[in-house]
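Next up: some structures, all given as structure tokens.
Below, chain A partners chain B and then partners chain C, in two separate complexes.
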Partner chain A sequence: MTRSVHPALIALAVLVFIFLVGPLVIVVGAALSDTSYLTFPPQGLSLRWFENIFEIAAFRRTIVTSLQIAFISTGIALLIGIPAAYAMNRYRVQLPGWLSTLFVLPVLVPELVLGFSLLKSVAVQFTIPIYISLVIGHTLLVLPYVVRVISASLAGFDFSVEEAAVSLGSPPLKTFFTILLPNVRSGVIAAFILAFITSINDVSISIFMTGPGISTLPIQILAHTEQFFDPTVASVSVLLMVLTVAVMAIVERTLGLTFLAK
Partner chain B sequence: MKRFAGWTLASPATLVIIAFLVLPVLATFWTTLTTPGGPLEPYLAFFGSGFRRTVLWRTIQVSLATTAIALVVGFLTAYVISRAPRWLKSILIIAAVFPLLTGVVVRSFAWLIILGRNGILNNFLISIGVTDEPFAMLYTQGAVITAMVYLFVPLMILTLAGVLESIPDDLIQASASLGATPAATFRQVILPLSVPGLIVGAVLVFTGSFTSYATPQLLGGESVMMMGTLMYQQAMVTFDWVSASTIAMVMVVITIAIVLAMTRLARRLNPMAV
Partner chain C sequence: MTQRLVLDHITAHYGSTRVLEDLSLDIAEGELVSLLGASGCGKTTTLRLIAGFLTPTAGTITLGGKDLTRLPAHKRDIGLVFQNYALFPHLSVADNVGFGLKQRGIAGEARAKRVNAMLERVGLAHLAERLPGALSGGQKQRVALARALVIEPPLLMFDEPLSNLDAKLRVDMRVEIRQLQRANGTTSVYVTHDQEEAFSISDRVAIMHQGRIMQLDTPEMLYQRPANAFVARFVGFENLIQMKVIAREGGNVTAEAAGGVRLSLSADRFGAIPDRFILASRADGLAVTDDPNADGIPATLGLRTYLGRAYQYQCETPAGHLLANGPLTRPFAPGTAARLVPVPEQCTILAPEDQNR
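Right after this comes the complex of A and B.
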């Protein structure tokens, strides 16, 4: 039973998807062009702009920094976010209502304001190194994602299973690792992926946290585009898209494999 | 005992948010209250400056235009997706998620290639003879709005696809069997039931565009200054931290006011809740 959709609506949807995917195709085309300026369709195919990324020290450095910051801050956010999400689901009655409001705050406060406030009142005030400030900023950025995704997967968890394990003599930490964690595994993976991608792509917080020799990849891209109009940035963009595809595929696979095991 | 366990587990994240979000943002607010001219002086200066009022007004205009276009385009597309066969549905959803996971910088940069003086659009217009001289499309309000619509339509599609998916098929069949034309069903059944989703989408898009930085910076530059780019300029170029803090607080107040007002509106307009 298919309900008919007006042909005009279908035509519009096709245009919207061309609008959504087209610009990304253009970026890929521009990255492969053999010219020294950005153009599409590419004139002559070449991978030299990909090589050029790694010849520019600032790109090499910021790629490493961005990956490090994303791993560290996502790790910290999981470390503090999982127990918080657990506590808010398991001990909802015992904890005050403002606590869940507090965990929504990082979403309500604009990232630019958070970045500026961190710079002014934490990094400069207490002379905290830029690198550490970046870790703090990105941890705050991704924490809401972690708490929300883990909470959602805990909502379907039957806490009496855990109580059964405890009453049969399982110590708390062992219960956590053998009962709880395997049950929210797909939630943890989803939280990790979302947090990692968000951190890698962040501009609004990182823009305030640059210093001598330290910056993140998106900020370096912005700086490069302001000076040059060559296909290097298009190539970096393609690398970021490949990373996104890889990450999506990993989720498919990991979550898919768990489903197969069930 | 249970209370203690709950607090212990929640405390690391709670402390991080209080120490690195609540206190620093309060300190930014405090900065605007403790100037030599008195607590209101920075705000009077902000609203007294014609340039700043223009920036604020432009930011509101750009955000409203982006929200309106994204609402219409996103809703109609999500409607088509919700009526598509299952295999096509997942492909379309992936096609909407992928741009969303690609960063803001990459997606704004794409429009730099398209709208530039020697960009694709100008080359195309010249080649088909519409114009001899390339149009100056970059660094205009239109460029910023186009890129922002591009940025936020996927978010709108995903928000609304979920809402439209949850409308029971029975309702639509009932409406049809009672003699409503597809257009009437759309207007009288589907649209009212989507109102809460439309409001959530509108809030996400409006606050997102209102506080954006990368897109106005890349495609608007100095000539289309918005609240985000102005705040960055005050903070990091002229180092006027009182002025930057004031802009930050205006942004926070407007964001929170819109979220609260729209959440109340959504609750009142939700036909399912009655």
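Right after this comes the complex of A and C.
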């Protein structure tokens, strides 16, 4: 079956595509340039700026830190967010106002404000280690996404299915893992990926939470560009993209096929 | 295998709202009892109490002499069939049916064999590998039935299992359910708001209203001898005439209704008649006659409808609006002055309404 599509619509689609892919092409191109300054189109082809990333200790450190923070905060957010979303949908729990605000807040309020208030109230007042406050900050940052995405996938779930399992002899906790989770698997995967990407790309929260000795990759990229104008930042950006895609693929594979199946 | 279920003076609340009030129920081994009543009267709540998803505020539940009241739901060993099927969406038909066996540690060959045998019985063996999403409503309900039956529970419960199916399938499925239940001899509780469905498949029916059982009896008794005005209306008694005894003379009683209507009733036919009572009947409990001296209620006939076995008349009487049947041999024109004579076999005497509130 063929349908006629308005030419303007096609033009618009092409335009959107260019806007989406264009920056990627430019960044990848710049990263591969043989020059010692950022340029596009690339002049000469070389992988030396990728090698350069690993020669700079600060990049080596912050890549590890960023991955750790992203995994830990995403993990904690899932551990809190899944039961929270479950309780809210299953028992129609009316959360006290301040708590429901917490789940919405970071999406509504400019992140900068949250980062700043976190820095002030938490880190300084209680002299919390930088690493811990980074984890806390990122967890709070990604928690709303987790709760929302899981809630959305629970919204259509018929909870009498759980009761059916219990009546057939499956204890409630086991039922949660064998019946409920497999049915919101795609929601869990989506929440994981969304949270992970949000965390690993975050600047606004991290910029307040990082301090002497500990930094995250996006912050290190910023710091680097202040001093150097070489293609390293471009190659780091490409690396960040590759890492993100790799994590997405792994999550899809493991969560998708084994962890939650049966 | 099959066991007696006893609910003893159960009261249940949702929060501070009382949903069931002093409800008692005694279901014999192998018996199928229906809970029948309008939406919101507490049928599902009763099932949830028995299943263990809700704890009563007072009273006890015993199955086969064993007290279930505080036992967690997953240890109760009760087969449940839900209105919306509640199949596991991510498991195949075979795995859905095998789920209960798996929980009981029955694995491999043994499980597969029982699952297959059960699927054969409900005619779904060819769909064993399908996911529930790819089944029709009737097939889903069969899977739900198979899943509950395969664990051979001492008690089966159905919550409006057919209400999502179309009319033809509903009739077929209820016969199928009854046959399976009979074959296994499993004690069963069946919830429905459909009177025909309840009456057609039950040994006994409990008619519920606002969290209480108004009458628990065989379909025949409910249909012919409702115990109170609520049940009478429920089973289609159109004429409920409030009456007061004004004279007793030997076996005969003279009673008066609103508008000064007087009837003489024989105690031989009606048994003991209290001072205040309701004379209740369907349309065929009042016979239309144009004999002005008949001992009946004076009436002006209104609209006449043809029922096949009789003519039915809308009647205006001093005692209110009544429905009565007249002979096929003599159709009366609207406006005819007539008398409505109670047919004792088709009438029943009930306590006045305020006494059974």
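In this text, the second predicted complex is superposed on the first by the 216 of 262 C-alpha atoms of A that agree within 3 Å, B and C clash if a C-alpha of one lies under 4 Å from a C-alpha of the other, contacts with A are read in each partner's own complex, and residues count from 1 in each chain.
In the analysis below, contacts are C-beta pairs under 8 Å (C-beta built on N, C-alpha and C of every residue); 3 or more make two chains touch, one makes a residue touch a chain.
Because the structure is a prediction, the values reported are computed rather than measured.
Asks: Tell me the contact category for A:Tyr86 with respect to chain B and chain C: first, second, both or neither.
Replies: A:Tyr86: touches chain B, not chain C.
Asks: Is A:Pro42 in contact with chain B, with chain C, with both, or with neither (first, second, both, neither)?
Replies: A:Pro42 sits against neither chain B nor chain C.
Asks: Mind working out whether A:Asp158 is in touch with chain B, chain C, both or neither, as first, second, both or neither?
Replies: second
Asks: Looking at A:Gly187, would you say it contacts chain B, chain C, both, or neither? Reply first, second, both or neither.
Replies: After superposition on chain A, A:Gly187 lies in contact with neither partner.
Asks: Between chain B and chain C, which one contacts more residues of chain A in the superposed model?
Replies: Looking at chain A, the partner in contact with more of its residues is B.
Asks: Could you list, by residue number, the parts of chain A that touch chain B in their complex?
Replies: 2-6, 9-10, 12-13, 16-17, 19-21, 23-24, 26-27, 30, 37-40, 79-81, 83-84, 86-88, 90-91, 94-95, 99, 102-103, 105-106, 108-114, 116-122, 136-137, 139-140, 143, 147, 197, 200-201, 203-204, 207-208, 218, 221-222, 225, 229, 233-234, 237, 240-241, 244-245, 247-248
Asks: Show me the residue ranges of chain C that touch chain A in the complex, using the header's touch definition.
Replies: 51, 53, 72-80, 82, 84, 86-90, 99-100, 103-104, 147, 151
Asks: Which of the residues in chain A end up touching chain C in this complex?
Replies: 158, 160-161, 163-172, 175, 179, 182-183
Asks: For a test of understanding, state which residues of chain B touch chain A in their complex under the given definition.
Replies: 2-3, 5-10, 12-14, 16-18, 20-25, 27-28, 31, 73, 76-77, 79-81, 83, 85, 92, 94-99, 101-107, 109-114, 116, 118, 120, 150, 153-154, 172, 182, 207, 210-214, 217-218, 228, 231-232, 235-236, 241, 244-245, 248, 251-252, 255-256, 259
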